[in-house]
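Naming follows writing order (A, B, C and D), and every chain is counted from residue 1.
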């Protein structure tokens, strides 16, 4: 459990000692003791040589092992950042904290070797001069590498697509509402702010390909923006209207495969619109299907006293396993307008066959979920009741509950998402 | 069809302000309005209040949400107070403020989103401006005052109906302290 | 419960309406309804006039009523400041929050019409450029009036005498440890930093009179400092050594009457040294007496397995009611080195007669206490278990439990302390 | 007499560094040392480690504190781990660090206060440097990792024995994240 890799001694003035690295220090002592016991198994305890004096230690700083696909970053409003957890570890111990200012958000490079944080500071805590910053951390040392000033950002309860990074880690997209709806585009390699894309009536950024992103609009369309290599201001092209925000809006946590541009937009009633976003083309919206009907249940409407299984949650309600095109949907029984109620089940759907694969009953109602992107995917469910909040790790292929621990925070990120 | 009167009415409000009617330009103006408007205008308010109507609207025959069925009108510092049908945050009444009052030293946001809540005492639906009080840390006085109700609450691409946004635009600081639920007019 | 005094409408552009002030709005409706009912007591409900449409409201900001002696300011490490409570109010509702940066401290003018906060900011949250500031708030509007840059301050778990203000509200004393032990002196009226007083080996500042403060030294003495009107650097004069920090140190929360300079220094074993601090003189230390013996119990020693009633707590262990010279001591049964264990009783002692008046059993073990300074004093006990923490209000004269509520924070300030 | 070996030994340490012996000048140096010293020196450490002593000290006849009586040596991420006899804060082992290791990206303070804790495995007392890890918000990973033990803990006018101080002096930021308990040498 202890991180023992030494990367930075407290002072270079300390003479190195053979025991500066102490991973097996206690183990060594035990080994010595056992050897002694074996050699003198008939001797009496008081004749054993005294245990050696414990050696002095030098303070050091842990580094994270390279991120695997099961690395998880979990954040709450008051956690001071995202706690890093390895979904495979038996006790799900916290491996570190990516510092995030209150209201800030995180994004990961594809393999999580770089961590990006969009955050806002006031010079005097909650007052004074405002600065909006994109902070870049090394994914293993969690050392702050760079702070790029950005034009602004929206402060909002954690949700997907408010701050995203392109698949290749080259461009960051920061959603803002002031002075009007816009997406700020930052070239992460050049540490340079590109022209912002104004998207009146639309919000969020669903990245695809090296320079594209989609956006959802209040008029029932989805827009697609290609950020020009030239540095010119990008223009959006829009789909035909296909949903009605007044009657059955799309979840903000609708999903896109950043690599292929395939997207699934899900409404409050669980209607799923397959879509495809590609460079230079208006988004193509496919024929919708229903989570409920995929599960063999009647269609679900918008009645405020129409009890049915519905999607809902506080952050990420919908998650995609890219390789298998499986959708994981956080579900609860409720009426319409319960779209933020914690979910009691996760429904696993095959987006290709538009069919339910499995319903997974959660032990603790979850505010949000996440799914790892490897061939042995893990499903994470966060209950977010402050310090009593629970993180559950579930085998996404079988639904088996693997591990859980108390951990605050209801929103999580995984690499390769 | 869901009960979307809140959004339709919010739109009506905006329409009264905007000079153009295309959806796209209207929504553009929402973005601007969020910052520029000194709170939502008193238009429907004065209409509602200045001349008490002869008769209250007939009790709506449409079904009520669970929140509406359980709402109370006595204690504005509880999550089930009728005006909190779509609040997300800490009730300012638990923090030294009141239903339309910021705690001392907190900044009332000049912007807000608008919900529509049913008053069980008179059977009328009212427009409620969920104005955040800003410039201080999250109020932690009482964790039972942290509420999240979502009647007619909208995603972020309908910002005037979204309760996840920190509604502190136009104030001195975006730091979120607590939320109020000011009555700004009749919804129907 | 609602604060309804309007001090700042959201916009001056709003036309005032007769109902901008709405304190009795609902009451008025009820009155109308009752009058209607009385006038038509035999009429059927459906013949009553419809209730009037509820009027629109303008957002406003509460102001606090003038501070009485029972105003209380309660802070925890993660509360974002000090919650203001009126000890007389039935439900102990929170009246406001004095914002305090993490690790900052508060001090009050004598009547709490000015609130002083010593706090530290980094330009980027937990990193960047450091600024130490003395922030001044109006005691009723909690409006920030001024920020005075100060040379530095110690960041430490909340305790008394790390940041104090003189009885007349003219001078502030800020304890610091860098580069060495010192007290920074700030003239609050001139918003001017006076020469710092270096006090090697000593710590804390116990204000008395207009320009004096005492300090406890590790060599077993107490020092007294008079801040010269001239602006020259102050010098300390020291008592004879009277306690041994190695064997039985003084509590940091020992008390002084700011007005008279009478002080009571209490050791870990509950030995009380009366003292007198006066301008230009070395502190005079009186003959010690023991809390335990004042209660008719055997003397208490320093044995680590010597179970006895001992003082202890996490912040303010000892409080003084000035007018009656009563000492309130947070007590628990424990061995030596349990000086930070939460107290289960408060012992009330007459410091003049050196006699126990009362033992008050607490319902929840308390981390800290405070006592109001009026003729009907209230005793406050804070249990500080995060959001499950409890504030208990007790009649300090009778020991009667009056009120309690859940409230985070284990450290509190009262006016006139 | 209390068990004050920790303080006496801390003083001995300081005395070995200081060239003068008057209490006042010594304590002056504490203040300076807190900032200047790159952690407490290895003096007693090398003495303790370089040449394992022939025999452990005889089991102390003096009574143990309750902490010592209940201390364990297996799980350094619990409050009752033997080295935590005087820790006040969150154990870094719960936050991605270890007993002498800061979590990734946190700054180990070059300063600390020194406690003296009894190792139940060998009956020896060791000097423990409670070095804080700094520059990040309070670690909130697990509230059961928030500890406050006070064996031989001293008030603030004996800063080298005080566990209330934020021991982040000399680092890049005074923001407190968690606390370590590095073994720096034998106490007796």
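Heads up, the rule we're going with is that contacts are C-beta pairs under 8 Å (C-beta built on N, C-alpha and C of every residue); 3 or more make two chains touch, one makes a residue touch a chain.
In this text, all values refer to a predicted model and were calculated from it rather than measured experimentally.
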| item | value |
| --- | --- |
| Approximate Å spacing (C-alpha centroids) for the pair chain B, chain C | 37 |
| Where chain B and chain D are represented by their mean Cα positions, the distance between them in whole Å | 53 |
| Separation of chain A from chain C, taking each centre as the mean of its C-alpha atoms, in whole Å | 42 |
| Touching two or more other chains - residue numbers and ranges from chain C | 78, 99, 125-128, 144, 386-387 |
| Sites on chain B at which at least two other chains make contact | 135-138, 143 |
| Touch-based graph of the chains, sorted into line, ring, star, complete or other | other |
| Set of all touching chain pairs, with the criterion as stated earlier | A-B, A-C, A-D, B-C, C-D |
| For the chain A and chain C complex, residues of the former touching the latter | 78, 99, 101, 119, 121, 123-128, 131, 133, 144, 147, 386-387 |
| Residue ranges of chain B touching chain A (in the complex, touch as defined) | 1-4, 7-8, 23-28, 30-32, 34-35, 62-66, 88, 135-138, 143, 148, 150-159, 164-166, 168-169, 172-176 |
| Residues of chain D that touch chain A when the two form their complex | 38-39, 42, 45-46, 48-49, 52-56, 76-77, 93-108, 110, 119, 121-122, 124, 126, 129, 131, 135-143, 177, 180, 182-186 |
| Residues of chain C that touch chain D when the two form their complex | 77-78, 102-103, 120, 122, 125-128, 130, 154-157, 159, 162, 177-181, 200-204, 215-219, 245-252, 302-305, 314, 335-341, 386 |
| Footprint of chain B on chain C - complex, ascending | 1-4, 8, 10-11, 13-15, 17, 19, 22, 50-64, 78-81, 83-84, 93-99, 137, 140-144, 387, 406-408 |
